[in-house]
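The structures considered in this document are given below.
Next, two complexes with chain A in common: one pairs it with chain B, the other with chain C.
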Partner chain A sequence: MNQIPDIKPHTTAMLVGPAAALMFGVFVLPFLFLLVLSFWSQVPGSLQFDTYLTVLNYARIFGDSYYLGGLWTTLWLSGLVTVICLLLAMPLARWIVLRAGPAKGLLIGLSILPLVCGALLPTLGLVNLLSPLGFINGALKSLGLIQSSLPLLGNITGVAIGLVQAFLPLMILPLITTMERLPQEYEKAAMSLGARRLVVWQRIILPLLLPGIVAGSLLVFCASLTAFVTPQVLGQGKVVTFASLAYQQAALVLDWPFASALAIVMLIFLGLAGMLGALVTRKFGKAS
Partner chain B sequence: MKSRFSDAMTLAVVLAILLFILAPILVLLFSAFDGGNIFRFPPRTYSLRWFEAAFNHPEYRSSLWISTLLGVIATVIAVSLASLAAFGLVRGRPRYRFAVEVLLLAPLTLPLVVWAIALLSIYAELGMNGTLTGLILAHVTITLPFAARIMIATLNEIDPRLEAAAKSLGATPVQVLRRITLPLALPGLLSSSAIAFLVSFNDVVVTTLIAGAGWITFPVRTFSRLRTEGIDPTTIAIGAMIVAFTLLLILVGQRLFQLSRRF
Partner chain C sequence: MKRIACYAAVAAVGLFPCLPASAQDFSGHTLTVGTWGGDIERLLREHVAGPLEAKTGAKVEFLLGGSGDRLSKMAAERNNPTMDVTFQNIYEAPLALKDGLVAAPDAAAVPNAADVWPGMNEGCYAMSLVGLGIAYSKSLFPEPPEWADLWQPEFKGMMAYAPYPSSEGDGMLAVAARVAGADEHNPDAAFAKLAELGAPKLTYSSLDEVLSLMDSGEIAAAPMISGYVISNLENYEGIGFVFPQDPGPVLVRDMVCQVANSPEPELAQMFIDLALSVETQAAYAKELNFGPTNSKVELSESEAANVINTPEEVASLLQMDWPYVIAQRSAWTDRWNKEIMGQ
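Right, the complex of A and B next:
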């Protein structure tokens, strides 16, 4: 009985069609176009494309220390942000799932706030929090803890703080989803059989949480790697990240083939990160 | 005794992390009331003058109007398309359900800046750069996944037997939809509309790339001024109002229909 669809296949296709067509046409197709575009070049002094296929754009990225430096900064920064997010999200998610009780929904609601506030407005607040005259420096000075302001803006520290704040929800949500499915009895059983806390974490909790950890890490890594609003505002132009290079080329220099090549390089690194995630899940997921 | 101590420690750590997540938003709200030209902590004077300036600023007023208009149009289209698709996927249970779900949710995981660069070049080829149509299409695309995820989850939770019962008692399909399905799906519809509107209204990543000079939304205007002139207190005042509105919407949504459970 349950196998019989409630509506006819024809009607289903009519319902699903418009949304699917839109997402395919407006979202998926541009990615394919991007790949082609990255092998084209711009006719100098115009917005026309030279459709003769060339790898010059890629050669320019990998032959120039400016772009390579940006790529390297972005990669380790994204890795660092991912690790910090994981360390912060783990206790928070665990507490929300196990202890928060009736406050749980509200806390999840508040944690998703940075996601719906967009990239810009929280960054504005962060500028006032971190600037030389801002909240942190002002408070530390009036407490007499520091004499001159700590440099928290216009450097990697500020950008890292901003990225962690912006993307923490991307780690919290998958962790909460995974933890909710995790039977608490396993942990208790292991404890009652005499396993120490560390062993319980290593052998029971972490392997079971692995899908959530991998999913959250991939989301945060991907978001940090491609962020450009937060690095530009908090880095004040002094921190060059890969996505801000791509943004400059696309929006200011208007060299779209080159911007596309930069974008494709980002996608390649995201793909590599995804493969690494799959590999980790396969290797450690069912272990112990 | 020891466990009570470690409980307190855990609680302190958890509260500190929560505070860190909310800090930028709280600081933004607070700094809008600073009377000076440059924010400094602790402020020397408090005033409402930047709010007044915000309301009298014609450029910001037109940007806020554009953002609102765009947000409303994109939300109506995205929530309608997403709800129809979710209904088809959940009730029709087609074999391609998984593939379509992946397609509809793709923008949640794929980098929007990469996509926006591609869209920018395509729009240029089609002569659609800077048009309202192009902007609406882009905003529907970035908001639809949020709406689709919430609507799929909502419809999954509605017992199909309720619809079957109404039908067997002689209700026409339209009556079933109006009297059974829609009322039960209403919390999901409201949640997805709220989230879609906020995502569209606050987007800067995609819009800053594809919006021309004619349709400058508030986040785009703020971002471009930020790069050239730094922060101006009027921006902070408007930002604070938007953030307060967002916070309020999330809290009300949470209270009335457990918004975060659907997210």
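Right, the complex of A and C next:
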């Protein structure tokens, strides 16, 4: 039943070729250029490159506490957003899978809405909600709950709210997919053998959900690490993330080699996150 | 030159009639123009793109965004440009010309360029004159402030800035240096003085964002470029805008450039010519408070009040050493991030 049909080598080439050629042309080649560019430098006061190879861009990143601070902020902010997304998405996904019934399709559609809206418009909408004169502060003030505005913009709180709003679907979707494949008999069997709810979660549900959790966490972490519109707008220049630094260098300072080096450092951390995810799946996936 | 060559060819071959450029049919051609969105795009559609399309049969497409994006695009497409006309700012234009990304201004190809005030077509064609002044909250400043008034201790931490690097940020550094008795060639003085204002309350990504906070007094003041701010003030009773005297407002000029080796050079020149025309320039002044560069534009007294429109006014403006500032850009960005943003 699961037999792979006999595919001849030239058929394989024809099947894989178009996508491979596209990826090579629009991703691999520009990526290699990005890598080379990060070892060049910008001629001061000009848009020309000095193509003499140098590690100065990297030395500048790792030798300056400002850039290291930005890197650290970005990493822990992305981690925080991942954890919040996981905590919010887990009950929601379980409820949608088990209890939503005929509304399931609609609810999944609603929960992925932020993904199809783009980043800018929802973020600008959040400014109106979160600003000192915005809806949330206004409502709390008129209810007499607060005296002066809560600072919800221009700090980590605001940026985290924006990122969770934008990337929650990336956590919900993989969780729903894995939960749907989770046989409910396992839970029932465990409980009939006397396991309490907590133990069922700990020993049955979580290990089986692990691939979904890892996939969702990786997606949210990587998306938060590279997001720049949301930190830029909601951080009001006061939350320095690596992506907004790269944007500043690429689009405003026009120092492309330095911006490339920032991007490469970010890519290295994305790669490390991926490796960590694979490691977690292998270790704990097997243990279950 | 081209037309002479064409007549010569006709004389020799006697085949095709040579029509003057204005009657030429460009149907099927597309002119790509990079500019800022909003009011500027609207005015350009109305006064420049519309008439050009009617006259030539060509189609004008706008590419909207920031001028830095356009400079990057030109540099990336150096060998195969897709944009024909681009709007840049006062310091980007000479930089683009130096790097061979734009064609040098040519009054023979763009007749209206001859009517631009002398000396302003630096790098590209001068499109409009604006100055960096102060937008301020009237509840905090009963009288229009001078630059030095921003340094009163009660306003510390209540400024708003545009993202750096920008002409607003560099202009403000030049002002701070002068308030400290130096100029922009002394960055230590400039940064130290500007840092005294405290980290800004807001780095704004849209004008509405900063103006509504200023209207309510949460933000005291912001260095802003005249033009849209002034045209936006009618929506905000609590905000004023002033051109300070000491030093005068910092001159910022919008430039319109013909991209070097672009696909549609003739249409590009016609577009720029219409952009520099008396009619377009007057509309910019009346609707957006952008000062005309065309010396033939005449404005009524009330129209001229908020607009920089004479060489004498320009002379009273603070002119910065932009090539020097550009060369410092990378170092100043690091200093701005650390010393002004306090990070």
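Following the convention adopted for this analysis, the second predicted complex is superposed on the first by the 267 of 288 C-alpha atoms of A that agree within 3 Å, B and C clash if a C-alpha of one lies under 4 Å from a C-alpha of the other, contacts with A are read in each partner's own complex, and residues count from 1 in each chain.
Assume a residue touches a chain if its C-beta (ideal position, glycine included) is under 8 Å from a C-beta of that chain, and two chains touch if they have at least 3 such contacts.
Keep in mind it's a predicted model, so treat the numbers as computed, not measured.
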item: Overlay on chain A: chain C relative to chain B, clash or fit; value: clash
item: Partner, of chain C and chain B, that touches more residues belonging to chain A; value: B
item: Which superposed partner A:46 touches (first chain B, second chain C, both, neither); value: second
item: Which of chain B and chain C A:124 touches, first, second, both or neither; value: both
item: Touched partner set for A:232, first chain B, second chain C, both or neither; value: both
item: Which of chain B and chain C A:133 touches, first, second, both or neither; value: both
item: Partner chain in contact with A:69 - chain B first, chain C second, else both or neither; value: second
item: Contacts of A:250 with chain B and chain C, given as first, second, both or neither; value: both
item: Contacts of A:108 with chain B and chain C, given as first, second, both or neither; value: first
item: Stretch of chain C, among 9-17, 45-53, 63-71 or 333-341, that runs into chain B once the two complexes are superposed; value: 63-71
item: Interface residues of chain A shared between complexes with chain B and chain C; value: 47, 124, 127, 131, 133, 232-233, 237, 250-251, 256
item: Residues of chain A defined as touching chain B within the complex; value: 5-9, 11-16, 18-20, 22-24, 26-31, 33-34, 37, 47, 88, 91-92, 95, 99, 105-114, 116-129, 131, 133-135, 137-139, 142, 165, 168-169, 173, 218-219, 222-223, 225-229, 232-233, 237, 243, 246-247, 250-251, 256, 259-260, 263, 266-267, 270
item: Contacting residues of chain C [partner chain A, same complex]; value: 66, 68-69, 71-72, 75, 95-96, 98-99, 101, 161, 163-166, 199-206, 209, 212-213, 216, 218, 323, 326-327, 329-330, 333-334, 337-338, 341, 343
item: Interface residues, chain B side, partner chain A - complex; value: 10-11, 13-14, 17-18, 20-29, 31, 38-42, 81-82, 84-85, 87-89, 91-94, 100, 103-104, 106-107, 109-122, 124, 137-138, 140-141, 144, 148, 160, 163-164, 195, 198-199, 201-205, 208-209, 219, 222-223, 226-227, 231, 235-236, 239, 242-243, 246-247, 250-251, 253-254, 258-261, 263
item: Residues of chain A that touch chain C when the two form their complex; value: 42, 44-48, 64, 66, 69, 124, 127, 131-133, 154, 232-233, 236-238, 240, 248-256, 258
